């Protein structure tokens, strides 16, 4: 299959979902139920195309860095806006991830969303989302990336606020969109800095420009700033530390939406962007990214521990895992980061779909029991679902293991790789950098703890409420996606050796590109090993990259290889103790949760209220914005216009004293000058006393004044 | 002793040049006779109209002549001719207004004296427009004033009218008294009454500037009274409100035109050392900066006229103040004291004549129909008589000076001459004044259209002759706004003020 | 002092004295009559200024014509029966304004008159000016003469019209 | 081009107006109704013809020619000497009837034709003094078209002032409760600005001897000792500032904008559409046609100040719009008015940057803002016709009741936020990219408007379309007796809204057709300004 | 000392001032007319004085003649109007005749 055919296919893979969007928007009402089938089949077809592209790229064109093309979107006379699209290894893999999960979610929603009044609209919005996500995947320039970035934002707004009757849903949608927009603002500023210096949006031109040593405003800190700006876009989308507040609220949307968007694809877009432009980040930018990633991972892990809502726990776990991926990229673990992204996509989607099936079951049970007020998502109402929903339980258990990072699962491979990477990174950089691995390991431990807390409380033990007792397994279209995704979480798909992933095809395919930033501003340990055989895969020029063998790219890889086993032992130990703790507290109740809660009262409420971030933001940033806008609007309404009304009062007061007004119909005259003229006119008219002799006196006075005026 | 035969030859030549005025005098006398013999109300009016038309004919034949006559008392030149045409046209129109004015019908059986006195006034204006001798100016102003005192008080039975004439007579007499005293001082200084000789005297020997300034300002008081410039304007609002509306129209245009003519001639002939009339700028002799004096007068007149007009509730009084403001705009052009200024005054005057007479005519028609002159009677006029309202809007917009109308061209030329002479501060004040003026003109439009929309009151219908007269004035206001080169060419041709060299 | 200066001071005193009476006296009739003497004073001054024809015209027209007119005006417009023949003064504000203004104008004029050197070429006075006036009137000032006649006609027509009772 | 297309497109409305005035208003009920419909259709036909002419111009316009400051490369030129009197005494006068188009004015002519044709449909709702309304409407159209086609300063000034009076009547007679105040405020503000423009025009006339804008542009024509001769003199700076303020009042920019919210709130819907759609562009167009090219040195001197004004307008407008839901009676039109202030501030920033992308972005933003705001106001009009209130609190949950309407509204709202796929995005991006090079910090601060824009637009969207339907509109009959027809958008409104939505989306995806129009002229303008900008 | 031009000018100045004062300070309309006559006489004295001392040209005297004529005409018309006012207001006090004012 020639390159042209691949490029043609990649355009079709992009446009096919738009077809589903258009069909469902315009003919949705007529299709009704059928729109689900149409949507799912379109997505299946799309997945097939994506598979062929991925297969061809990874196999026949493995050595070619990127197959890409560019075309002119519009021209401004002297300057042409060039955009384009291309497939490189990580794009190919992402294509697979996005299309497969989207297809599975489409399948899942045929049942889950069944009976909803705006069923066709839901599929339309899913189609729009997939289209914009694929746009991000195949874009090879900043402008198109930004365009689809915003389109993804708007489709997530539409999907979160799908049940807009509920005010909380549309508020959540609005909150998501605005937080994303703040991130996009940073992203756009980053693009502006780069465009201004390198005059083009194309990645290859920008990277070539950086490689040639040309700095924005010719000082390197501006390149770091541009990097951080671009990263802000990722922070917005992937819900990193300061901008993470919208993801938990996004749970207002239907669960398949959460599964597709807020677990696997959209949130991963941020990580994908960082991976795509990894070569432009300077050392400081990378360490900034690392810190943000670690903080996110740690904070959201602590919050996830105390959540009671089934989906909220998963949401915070997603934020935490994203923190892991960003941290890994920040600490130079490019391949591990991306690897974790892919593996996380599968099992997190599975977790959410499982949650969906549980909630769906709870709904049916509540309908059955005519109890409409209890919350189907609250885990305290569940329990004992192991017996009533066997298949959901089994898949849920397996993917929880993967998430916790237990061997023989893909999660273990990727998380272990990251942890090893952080240890190596900290070792090489030293000093305060050790915080990162400490936080990483404790976050990993907490992940294991809260996942198993969830499984035990929800599935094990006796059903806590009648509703839980009446739940029963769902139909096939819900169970199949669960099974497929859990299978994909087996380690076997990524590397033969369950312990060490470096041998697998994944690590061969996803090779860390050589950073374009001049050596002076890079981490030295990321510099290519001049000793070892030259494996550099120069960014962007498409030279062939020799299959890895066991040569290390740079000192960091060498170091992380040393730390591999230590990291593995440590992570197993911590994960195991996390799981043990969870069983002790919830399964066998040796340590009563309430006493623990009481002892760490402060910490517990602090974590329960999501570290008061929402309140913090509301009281600071949003309150400040509202205050400024209210005062400016008041200022404009009263002061700028008010100069008129204010002075009108003053002059009217003076006016009334000096005599009855002419019935000035347009009283509030428009500006100060107008009022002054009106007022002075009032004074001048009093000269006209009507008495002829006073006239003559004034004339004589006039003559004298003129005379003196000109004599002196 | 001048030799008698040489004198008679010169007299005959002068008489030849005096033809328009002679026809006027004949019409004056014939009108008196006609009024005695005929019974009809307006017979004298028709006679006078005929007389005026004949005068126009003779005036036409005088184009291009530039010479002194009657031993320097009178000067026949294109400038005088232009002003005389304006006076003629205004008087003809005012006579037509009087035919359809209800106000005059109520007052008297026969309007004989009305038309006779109007002819007297026209004679006075003609003389003033072309007199080049101090005493001749005084006599011309007196003729004009006396006839207008009486015309102002013509509707005797109306209290307001008599009060107007009393104020007018006292104010007029005092002003001309002061002017005369100023003239006597100037005569003392230069030893001659003729403007040309005064000029030659001032050119050759230097004179105390204080005395010259004193006499100049006192004379300016007399002229200022005629064009109602501030601070000599006090009579205008009361007299315009009191006297019949046709006379107000006549006063606001014709007597102002004569006033401006004498000011321009006085300053050009007496104070400018310009050799001929070809070079544009007049170099002013003597140490007094007359530019600044007139500029101050212009600013005072414009600003007071516009500011006080904001407060008026009576339509005639508002138009009085608006005419003061327009006098101010024209004074701006006079203050520049050069050829472009003169041209600007002439052009502005022609446009002012059309739009001002149009506005007065509409007010007359509406006031006659609704028996009141307050601004509020115009409420809902837009819907009660669409044509008259539309035409009145056109006149008001033209008075404000908005583009597609003649008023804009007038203002354009005045500002152009002021800017060209470098008086930017004066132009800015003028421009601000026209923004202020927008407010009280648009207030009338607002009453007409924005009030009492689709009003239920009965539709107002006007006689065909009234409508024809209105259109006669409305069409040029619009046409001249777009195609105005004939007026400019005529104005340019009549720049030449005879300075006797 | 020779005769001329005495005569000058006599006539000047006459004019100014009676002029003050005209202006200041309460009774309108006293004012009217004192106006007579003022005009006489002025006529006298004319004679001293070798304007003999002028003096006669002054006496004939001013005293004969205008003064009579004014007296008629006074009598017609004040009710004989009413005691109030006097003419009251105007408000204080206006009065003070008037005094201040007139004094300042007077001072200004005096200042101006005293220190401007006027156009005074040497020339010998002529005896009778009547003949010279006559000829110039009808030669150089012919037009002014005729214009004055028209003015008088207009004045007569106007005054007659205004004064006529409604018929 | 022998067929005088520009004279036709400009004076067609005059013809339409005369026809409208001549149509007798019927005697009885049916007669009046009949005459009203005839008047409406005559007006529609005139503006439709105008639209066809605009498209003919669009298709025959040759994008190669530049035209900003060399007369030969202007297109559709019609030049007849109008007043040409040789006056020896006062200096001769030369005014030409000079019409022509170049890259800067073709998009504006197109926009005017589209907007004035589409604004006819909401005008069918007016039935008070219909003849007067459409006469004034067509006169306004004449004024607007004239401004964009005139190249003689005198002719430009006549058209500029010509549209003042009809606008005064349109707001004053058919407006809302405080219409008189809004109308007189509009009139005084604009006149005050344009009056200084008159002085500068006269000054320019005296220093170059002609009213021809194009000739005024090259310094060669300035007479040596004339008022505005030379470069960098304070008099030139004052003149530039006078012109800039005159045009800034129309744009409107921060300190002079207080008339816009009043005018918009009080004006009837179709007039708000025209006011926002076209009138605001005349200010910006005036700047690029007259103020900048004739006084390039003054522009360079004030460049940072203009950028600052642009930035302040953007942020101030956005904050005021955001503040609407706290202050005042939360009027929907006031919110859109303030958003217009913010969007037009973007245009000013783009022009201030004087870079290819910046200026092209600014002109494209003028075009897009015209279309998008016209759509927004029509949407408000649709709501207002049904419920006679514009307060945002009176609505809710309309998405369920009016699905098609919600669809169109979504396109308009997202375009206003500057969502990719809509034309607003491209012009916003271009302006920011252009402005970033010359004013990096200012552009970053202006970027805030993207976030705030999302804030107030989504808030308004949610207030009207999502959430629960307020009790008041629950039933078919609302208790206050006001029949709240919640039937979806009817045919008439659709014919107005759909074309606009189509333009917005089409230009969003492929902006080529409109962008290519202006690129030639923009580069010429920048070439003209480059030597002065350090 | 010998009577010169300035003496006459002083007399005319004083007379002029008296006339002005007369006009402005008295209520009775006829009084105003008298004041007016004084002003005109002052002007005449000026004219004739300048004629005599300014090179004996006759113009001054002719001007004086015309002033006298015009004064007569003016007085006639003023008195006619005064009568008219008297019929309406039954008095001629100038400061009470102010129906029309702002």
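The first chain written gets the first letter, and so on, giving A, B, C, D and E; residue counts start at 1 in each chain.
In the analysis below, a residue touches a chain if its C-beta (ideal position, glycine included) is under 8 Å from a C-beta of that chain, and two chains touch if they have at least 3 such contacts.
Source: prediction; values computed, not measured.
Engineer: Work out the mean Cα position per chain and let me know which chain is farthest from subunit C.
Structural biologist: Here the answer is chain A, farthest from subunit C.
Engineer: Which chain has its C-alpha centroid at the greatest distance from the C-alpha centroid of subunit E?
Structural biologist: Most remote chain from subunit E, centroid-wise, comes out as A.
Engineer: Of all the chains shown, whose C-alpha centre falls nearest the centre of every protein C-alpha atom combined?
Structural biologist: Of all chains shown, the one whose C-alpha centroid lies nearest the global centroid is D.
Engineer: Counting only C-beta pairs in contact, which pair of chains has the most of them?
Structural biologist: Highest contact count among chain pairs: C-E.
Engineer: Rounded to a whole Å, what is the gap between the Cα centroids of subunit B and subunit C?
Structural biologist: 31
Engineer: Once you find the CA centre of subunit B and the CA centre of subunit D, what distance in Å lies between them?
Structural biologist: Spacing between the chain centres: roughly 44 Å.
Engineer: Go ahead and note the Å separation of the Cα centroids belonging to subunit A and subunit E.
Structural biologist: 98
Engineer: At what distance in angstrom does the C-alpha mean of subunit D lie from that of subunit C?
Structural biologist: Going by mean C-alpha positions, subunit C sits 72 Å from subunit D.
Engineer: Quick check: what residues of subunit B touch more than one other chain, meaning two or more?
Structural biologist: Correct list: 135, 139, 142, 146, 149-150, 153, 156, 165-167, 170, 174, 178, 185, 188, 191, 210, 214, 237-238, 308, 311, 439, 446.
Engineer: Considering subunit A alone, which of its residues make contact with at least two other chains?
Structural biologist: Answer for subunit A, listing residues that touch two or more other chains: 665-666, 674, 685, 688, 690-693, 696-697, 700-701, 707.
Engineer: Going through subunit C residue by residue, note those that touch at least 2 other chains and give them in order.
Structural biologist: 90, 94, 97-98, 101-102, 105, 108-109, 118-119, 121, 141, 144, 148, 151, 154-155, 158-159, 162
Engineer: What's the complete list of touching chain pairs for this entry?
Structural biologist: According to the stated criterion, the contacting chain pairs are A-B, A-C, A-D, A-E, B-C, B-D, B-E, C-E.
Engineer: If you look only at subunit C, which of its residues touch subunit B in the complex?
Structural biologist: Answer in residue numbers: 108-109, 112, 115-119, 121, 135, 139-144, 147-148, 150-151, 153-155, 157-159, 161-162, 166-167.
Engineer: Which stretch or stretches of subunit A touch subunit D in the complex?
Structural biologist: 73-79, 143, 146-148, 150-151, 154, 157, 161, 164-165, 167, 170-171, 174, 177-178, 181-182, 184-185, 188-189, 192-193, 195-196, 217, 625-626, 628-634, 636-637, 640-641, 665-666, 668, 670-671, 674
Engineer: Quick check on the complex: what are the subunit E residues that touch subunit C?
Structural biologist: 2-3, 5-11, 13-22, 24-31, 33-35, 37-38, 41, 44-45, 48-56, 58-59, 61-62, 64-66, 68-77, 79-84, 86, 91-93, 95
Engineer: Given the complex with subunit E, which residues does subunit A contribute to the contact?
Structural biologist: Touching subunit E: residues 685-686, 688-693, 696-697, 700 of subunit A.
Engineer: Flag every residue of subunit B that touches subunit A in the complex, lowest number first.
Structural biologist: Residue list for subunit B touching subunit A: 166-167, 170-171, 174-175, 178, 210, 213-214, 217-218, 221, 225, 230-232, 234-235, 237-238, 288-289, 292-293, 296-297, 304, 306-313, 436, 439, 443, 446.
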